[in-house]
Amino acid sequence: MENCIFVVMETADGAVKNVGFEMLTPAKEIAAAKNLKTVAVLIGSGLDDAAKAAGNYGADAVITVDDNAYKAYASDEYAAVLAALAEKYQPEAIFIGATPNGKDLAPRVAAKLGAGCASDVTAMKLNNEGKIAFTCPVFGGTILAENVVESCPVMATVRGGAFKKAEPEERSVEVVCEAEISPEAEDIKTKIVDAVKEISEAVNLEDADVIVAGGRGMGSAENFALVKELADLLGGVVGATRAPIESGWISRAHQIGQSGKIVAPKLYIACGISGATQHVTGMVGSDYIVAINKDEDAPIFDVANVGIVGNVMQVIPEMIEEIKKMRA
Amino acid sequence: MEILVCVKQVPDDSVKIGLNSSGQPAVDGVTMVANAFDTYALEMAARLKEANEGTITVVAVGPEKAKDALKSCLAVGASKAYLVSEEGLGDMDSLTTGYVLSKAVAKIEELNGAKFDIVFCGKESTDCTTGMVGPVLAERLGVGCVTGIVDISIKDGGISVKQETEDGYNVVETALPAVVTVNKPEYDPRYPTMKSKMAARKIPIDTITAADLGVEADKTVPAVKVTGLSEPPKKQAGVKINEKTFEDTMAKAMEILKEAKVF
Amino acid sequence: MGYILSEEGSELVATVRDFCEKEVKEQCREFDASGEFPADIVRMGAEMGLSALEVPEQYGGTGIDAVTCAAICEEMARADAGFYTTMSASGLALRPVLIAGSEEQKKWACDVLLEGGQAAFGLTEPMAGSDSSNTKTTADKDGDEYVLNGRKCFITNGGIADFYTIFAMTNKAKGIRGISAFIVPKGTPGLSVGNHENKMGIRTSNTTDVVMEDMRIPQSALLGREGMGFMIAMKTLDMSRAYVGAGAVGIAQRAIDESARYAKQRVTFGSPISGHQAIQFMLADMAIKTETARAMVVQAVQRQEMGLSYATESAIAKCYAGDIAVQVALDAIQILGGYGYSREYPVEKLLRDAKIFQIYEGTNQIQRMVIAKSVLKGK
């Protein structure tokens, strides 16, 4: 397994998170050009299905570190294991999903390996010198920096939704179980004594075709229910900016923007959202954007295909009525 | 309790920053402020200090002007401040910044005559958002690290922190010294008072140079190089509907949306 | 343009501006509409020390210079004149203590404000506004206590104050020379607060009646000596007057800010209205008035700080700034046209807020009397 690219796949309850599959797409392109193997790296517990899926989505080989001790993400353990794997296999590049856990893991490993790491990558290509040029949003996404990492390995955290995962095909690839690798006692400095699940609903913003999102302009938790009503009617998912979440109108799982999810649905309806950069960054890639805001100068209108200047509390109910009529 | 808070000076993140005519970030005229997440870190540190006594030192790596950010920190909880001059350090990435900060920690401990118990960093900076400096610093110091925390308390001589996760939170414990990076907690950073602002002006901010730190030249060569900057393609602004009456606005909007087969 | 400030002063003003932009300006629009009191905002402002600007350095205050203080008043009023009124009313109530109080009284009152408390100045009565000699509240000596009876009205911070400076007749026969000043902590038995006034403007400030029914206070509550009350009140108002002018300038400046912003965006006849001379001249006149008022405020507060006579200058500053604040706010409404008249936009509030600056802390008619008197004296 010499000369490879590591694609580190985060799992939850044995299932690979989407960004893991998505990263295989650019990794395979680069691997093909540089004559490398794309190796999926899975650290967790009960990884058989995940390993199989990694192969089906295009990994040339899979390394698993499968132990009950790794059932949930733990910074010290995962970082030590991944760094040890990197030492052993000497990959040319390591891609990690830019999830909260991925962004915790990557710098720890980068520091251990002395490797540079590009952050929140949204695109990548090989430049004239055969190096990977990563596109990384900076200043809240208003500027895109092209970064080249001059270390071995090259590391990068990759944003969810930035690449399309391949169509899975039934394939059988080599799966290496690394049973020997485990962290040293001195690597373990922190201990997770409790993991509390507060958000039980599954909110899949990344895969939604329709998102109806509400902002501060919704005014109250009661009013925010209208956003949900419209989303339900359109078969969509509810999104939110930070203000409604901080006000407790809706859970954090719905947050869209720089500190939440980056989404690109077919239809995005922004209700009472002013359009701060931090939010716009997370949704500007949507195919069709409808914005409703009473302030005609709201920056959200700059990115909207259709902007409706009006009070959300009037516009949304009317819109719901009209849609119901159309469908009747 | 000896606390260090690492602070980065960044352009005001409520201002949209594009590229100027020479292709560089157009930050001229934009107010420079202490990175928002660092101010959350400082507030959390200040509350911890108030509950447990101790002192808070702030440090920034940057140009002379970054002393303004440090000065603002001195008015809201910090009592000492040091600037690590970026002069002679060249371009930096998260890895080299973490390394320089680790040297600064040792130097400041020597100057203060006391070891730090906790180093606080913001979860990420609002300009580069890598979120790497804190964990890298922890690795370089060889101490425990918890990222994205929203609460902290002292427990059994160590700390117990609340770390935000995607579906809730973890309670994580670690011995001291340790590095933590701070996400937005439930509370907002305090405003300076007229008195604290005036008192902060009187606290000298010493500059530490790269030579003072004894950094090794090869460890300050950034591995991440910026090879180009661009602006994302502008989304074409669509139609804005603002008719005289609400009925007209809705009629026109629905017509366009039906036309576009949105519904 | 604006004030010439020291580096320290600029930093303090910038701090206040930052706070006002983030916590006061937009939030207070809603409180203006609802008429509710913005308790959290007031608490934050007080914690920052904005109600304790008058506390002298020797009692733990900042000892900031007069021009910085004026600039801070302007910043507060620029965001919300009601918020400014709340903060400055505490300082107004403190002044009688600083003028005539004992060391103990001064220390106590300053500490209340430094700890984030508020205070209220209780002079006005239903029948005694401009004419204090008609004060009906009485303070009768009974052993080593005073017993106060009467009703004060239009008292800013009446319902939220931690202490009151109350003016009452100790000797009716002597007219204004029979007025005495007292410092009264909240919760004193016999002290009660009447209904909150539903006001035209500065609706975010708390204005109530303060009622005293057989309110017993110890002799130690007397400020200075008996009969000094009128002198104390007049000196207090002389001292604070110029800062009231600074508040009015804040409203005028906000009116200019909003007008200029709108004029650059609003397009008529193919160009932004800022390109039309009719609008330009209006904006220029608004700026001329505002800058002139500000310069007068500076003149008055600096004379006071330097120990020169300042009563006339303060009267001019307050009177002129109050008058032009109303005019400039009206002009702002005109520039915004129909939108200016709408409560969806922020300028109609400026007019409602500005009007009180021609009325409170001495009506502008009283100011003119003061000014005329000085002119006729040939001073």
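Letters are used for the chains, namely A, B and C, taken in the order the chains are written, and counting of residues starts over at 1 for each.
Basically, contacts are C-beta pairs under 8 Å (C-beta built on N, C-alpha and C of every residue); 3 or more make two chains touch, one makes a residue touch a chain.
Here the structure is a predicted model, which means the values were calculated and not measured.
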item	value
Chain separated most widely from subunit B, comparing mean CA positions	C
Closest chain to the centre of mass proxy, which here is the mean CA position	B
Between subunit A and subunit B, centroid-to-centroid distance (C-alpha), Å	22
Inter-centroid spacing, subunit C versus subunit B (mean Cα positions, whole Å)	39
Rounded Å distance, subunit A centre to subunit C centre (Cα mean)	54
Residues of subunit B that touch subunit C when the two form their complex	75, 190-195, 197-198, 201
Contact footprint of subunit B on subunit A as seen in their complex	75-76, 99-101, 103-104, 106-108, 110-112, 114-120, 127, 133, 137-151, 189-200, 234, 252-253, 258-259, 267, 276-278, 284, 288-290, 296, 301-311, 314-315, 318-319, 322-323, 326
Residue numbers on subunit B that touch subunit A, as the complex places them	11, 13-14, 16-19, 25, 93-95, 98, 126-136, 138-140, 143-148, 160, 164-175, 178, 184, 222-232, 235, 237-242, 246, 249-250, 253-254, 256-258, 260, 262-263
Residues on subunit C engaged by subunit B in the complex (per definition of touch)	8, 11-12, 15, 18-19, 23, 44, 47-50, 52-53, 62, 64
